[in-house]
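The first chain written gets the first letter, and so on, giving A, B, C and D; residue counts start at 1 in each chain.
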Amino acid sequence: MKIGIIGLGRMGGNIARRLMRNGHETVVYDRSPETVKALAGEGAIGVNSLDDMKAKLDGQAIFWVMLPAGDPTDSTIETLAGMCAAGDIIIDGGNTFYKDDIKRAKHLAKKQIHYVDVGTSGGVWGLERGYCMMVGGEADVVKTLDPILEALAPGLGTIPRTPNRMEQEGEDPRAEKGYIHAGAAGAGHFVKMVHNGIEYGLMQAYAEGFDVLKGKNSESLPEDERYDLNLTDIAEVWRRGSVISSWLLDLCAQQLAKDMDLAQFTGRVADSGEGHWTVEAAMEEAVPAYVLTAALFSRYRSRVEHTYGDKLLSAMRFGFGGHVEMPQ
Amino acid sequence: MKIGIIGLGRMGGNIARRLMRNGHETVVYDRSPETVKALAGEGAIGVNSLDDMKAKLDGQAIFWVMLPAGDPTDSTIETLAGMCAAGDIIIDGGNTFYKDDIKRAKHLAKKQIHYVDVGTSGGVWGLERGYCMMVGGEADVVKTLDPILEALAPGLGTIPRTPNRMEQEGEDPRAEKGYIHAGAAGAGHFVKMVHNGIEYGLMQAYAEGFDVLKGKNSESLPEDERYDLNLTDIAEVWRRGSVISSWLLDLCAQQLAKDMDLAQFTGRVADSGEGHWTVEAAMEEAVPAYVLTAALFSRYRSRVEHTYGDKLLSAMRFGFGGHVEMPQ
Amino acid sequence: MKIGIIGLGRMGGNIARRLMRNGHETVVYDRSPETVKALAGEGAIGVNSLDDMKAKLDGQAIFWVMLPAGDPTDSTIETLAGMCAAGDIIIDGGNTFYKDDIKRAKHLAKKQIHYVDVGTSGGVWGLERGYCMMVGGEADVVKTLDPILEALAPGLGTIPRTPNRMEQEGEDPRAEKGYIHAGAAGAGHFVKMVHNGIEYGLMQAYAEGFDVLKGKNSESLPEDERYDLNLTDIAEVWRRGSVISSWLLDLCAQQLAKDMDLAQFTGRVADSGEGHWTVEAAMEEAVPAYVLTAALFSRYRSRVEHTYGDKLLSAMRFGFGGHVEMPQ
Amino acid sequence: MKIGIIGLGRMGGNIARRLMRNGHETVVYDRSPETVKALAGEGAIGVNSLDDMKAKLDGQAIFWVMLPAGDPTDSTIETLAGMCAAGDIIIDGGNTFYKDDIKRAKHLAKKQIHYVDVGTSGGVWGLERGYCMMVGGEADVVKTLDPILEALAPGLGTIPRTPNRMEQEGEDPRAEKGYIHAGAAGAGHFVKMVHNGIEYGLMQAYAEGFDVLKGKNSESLPEDERYDLNLTDIAEVWRRGSVISSWLLDLCAQQLAKDMDLAQFTGRVADSGEGHWTVEAAMEEAVPAYVLTAALFSRYRSRVEHTYGDKLLSAMRFGFGGHVEMPQ
């Protein structure tokens, strides 16, 4: 198939590459002409404007927008909407908030433009491993996109198959290939959002566990209860046959193998919105999400030296007991 | 009554003073002779050894040990045990772990020495306000101590009485005066321990709330959603008719009235053991104590700049997405 | 002063009464004519329509809307906006989300109508104790309302004054009387919202503490470490001189004095929006609010028998260890 | 090598089998003679007493005790200690608390008996996949056991190797084969304990995420924001290329493929001690372990219908606002 790709950053560029490797034609655009040129050198059809892209996508045009959520994606889709014909398909492969997808799909439907949201996991590894994709939109439109999605997805690969698949009603055979049609517009980004919420929780569980291992050599402990543990080895051994083996643990093992002290990292941890939105969704549904929320909050906390609240605790302690603070 | 008081620090000294004000005789000892002398100048009988104290406490000797938990208290009680006669009473007014009380009481019972544990709340304010006390030990021994406990307690005062008191079986009329016989040995310290666990939770609730108020002026927020709130006024107004008025809030208001920026505090917050023990008790009982635990953990977190776990999060993020850390 | 009050439920009715007691004239409306009639019998001017109310409020009309947040308040304010003259004042005394206040104030400002939001704490006790109020809006408009707010507020009363008040710049002398001008439109409801967020945290801290006390008699504990504690007495004694005394603890003591088993309560706990919004605000500011959030989640959890997540835990355990579930 | 195995339950039996498959000789004992007989039928040397086992283990005897932690393990090791010669090795492969290991090792060292603790992960899958093992004890004794441990471990298998392994000082080449010598006595069980603590956190992260997905079809949500998601497909697709793929997710996918409603599970989730101990260790080290603790508490909460604390919340709400509880 032929598809236009807008935004050739780390994700967009590799998506174009993986599609080309699988025999699809890509028309590519980026605000940086050099980036376009580079990808054209790898076989893509480079264009310097969205108008030009539309012109090169004859028939039912398919656009894959791979830009940061918010303004860049919004304004691009608005521009595309202005030039699209009825029946064209706009795909948002970024990290848009699913409620914005719902509004957008309604808005575009008035012009008979189809909107598809694709939540994409895989990061820098996707080019080789394939991308895990969660897709929202109209069923028949998603079906139209199957060749493209299948090319991007990891496929069955060597991962052992889950017994009992497809015995219940309503299961999607595409899941085993690495993508699903999750539901109506927004459903793809919603599932991806929860995926990231879980990711925060998993990461924090490992982080806290390794913290407990690391702290076991603390001088505040009785001497015969201290261990100077090799965290690099522990991460490695847990990859092999343990209940907590995972891809995130593989990453821990890789980083620890480079430097057990993780000295290149300061420990100020960013969060990208999905964790926050997952907690909002939990609250809207009245779902107790203690772990996902605590994981998010730990990132907030990692980015400040002291909170004002901590000072207020000290102030109260000073007030009721004349306690002097701990030395810095 | 006549009572020996061992340990004349902030708490012990004021306990002696409050007892003297209420007509009791105190025999006082501290490892610092100057401290003994000072209190003798206020009317106490000063002694320079525990033997001397025992000698001055004719008849059924009553000892109030007011020392740091652990070694100082342990060794002092061991020494007292060696000199006590059957029927003598040893009171531990410190912050001993209740399981140690249970062991101690059994040990002393073999020598027919009575052991009473008194959990004491009130801090530096107790001399004037009176001490809130939770007492563990044998019922008749606690009864013997009533004159002393009543003198230390706040009494009915001006605090409005709770309707419907004493209508259920088993209530203790002493509660309204500010002390209770909570149960067998250890029960006093156990109740005091949970009291402190709750205290951590309450303090953290205020701390987080004021953090949210403080953060409302952050430049990361849309300009028309920012407020530059006066936290001093807010603490004050909440003291007056609101649902969250409390003594801890009074302390917040006092500290904020001195300096809304709390600039003298660094925000490294100590914890004194009871919070930890409360969480242990919760785990032994399989009670979910999310809030009490999170309050404790926030104190731990306040004392380190970055955790190793935070660095591991950064390392994983670097691993899967090539994310660069946030600038410091 | 003369003021129109719309909505004569538990809160609105008592606000009218307290204003009348303090010499203000009230024009009252409720969708139930009986309620209007009843309050008219207590000295209010009853009206049967908002038009009639406007007519009876000669000069600069002041409306106090005391209705449930959302549609009832929205539509009433929209109606009032249609009939107000430039310079009139509309007060929302309910629990509106502060971002809605901001929008409303802008909208009304176009018609030169002043909008004031009043966050009100005090519940059913406000008539006698006075209401603690946090006010948002234009400074001079709030000043105009001072006589009314002062009448509603508790006033200095017998609560000890905080030392060092008014020594810092920008403090509001009204705070000691029980109300503050917190800032521009929405600031009143924002501060009240955080107040409720804190309230959830405080309540949960007490709840968990009493849970730990209650569980101390569990048969799963070693026999000599069990205590059968009298929770009624413990709540009472903590009211008297302890660090955790508070108005919420007074309520605990009152309820426990009626029935230590709390048998009339099932333990399904509602939440009213402010807790949720406080967590949202915390997330927008990147403030770690572990305790406030855990308190909210505990309410969610109290309202379901089992979560789907719990079942998934059981399913995983079955999967990796063949563990059979615990008997119900 | 020749080794005695005591306790032929799910774990012990399969450990014997896997050793035999790899050419080791096993002398096996269980309190059930039938179980001994069955395993003897598979090639093991069955014995009916520990004395008999000792007799059959000529030379340096090696005992692998695979019994429930606590009394069964304690008394068995005590019995073995009585019959062991200097130089013999006792291995505890169960879930003993590491502080008990430390005491035991000291105790046995007096008799020159070597003690080794092996934390074993792998559950019912270990026979085929191999066991991931974390070993504590003296370095040369663990070296002696290498043939046995290597036979039980998964080995390199098909799991991709971690780059940069063995470039830092002190790494253990055995980690890649699936076991490590973690440190002195107790270190094996300590690392396994933290492993389980992490496991709780990971499981709860998935549980909460799936709860949020499940709740997205709730009738309390606006109709156009609801999705009826297929959780079976979502678990499957996340196994394929996503950042959160893991062995625990594989188990979720397997269980969901059988029944998306998980109707056979009630959701009462047990905990086995390690989660509790991990939190204790975190507290001893002052490590904030929000997520691991919340995961543990969620299990506690899953096992009661309502907490007393929930009722107290309702009681307070009734007290301050006259709020009536939610209907059941």
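By our rule, contacts are C-beta pairs under 8 Å (C-beta built on N, C-alpha and C of every residue); 3 or more make two chains touch, one makes a residue touch a chain.
For clarity, every value in this text was computed on a predicted model and none was experimentally measured.
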If you tally contacting C-beta pairs, which comes out ahead, C-D or A-C? Let me know. C-D
Chain at maximum distance from chain B, centres defined as averaged CA atoms: A
Round to the nearest whole Å and give the separation of the Cα centres of chain A and chain D. 31
So, what's the distance in Å between the C-alpha centres of chain C and chain A? 39
On a C-alpha centroid basis, what's the spacing between chain C and chain D, in Å? 47
Provide the list of chain B residues touching at least two other chains, using ranges where the numbers run on. 123, 204, 206, 208, 211, 215, 243, 247-248, 254, 286-290, 294, 297-298, 301, 303, 307, 309, 320
Residues of chain A touching chain D in the complex: 99, 102, 121-123, 126, 129-134, 153-154, 157-160, 162-165, 167-168, 170-172, 174-180, 182-184, 186-187, 190-191, 194-195, 197-202, 204-206, 208-209, 211-213, 215-216, 218, 220-221, 224-225, 227-230, 232-234, 236-250, 253-254, 257-260, 278, 281-282, 284-292, 294-295, 297-298
Enumerate the contact residues on chain B facing chain D in the complex. 243, 276, 279-280, 283, 286-290, 293-294, 296-298, 300-301, 303, 307, 309, 320
Listed in rising order, chain D residues that touch chain C in their complex are 10, 123-125, 203-204, 206-208, 210-211, 214-215, 247-248, 251-252, 254-256, 262, 265-270, 290, 294, 298-299, 301-303, 305-323, 325-328
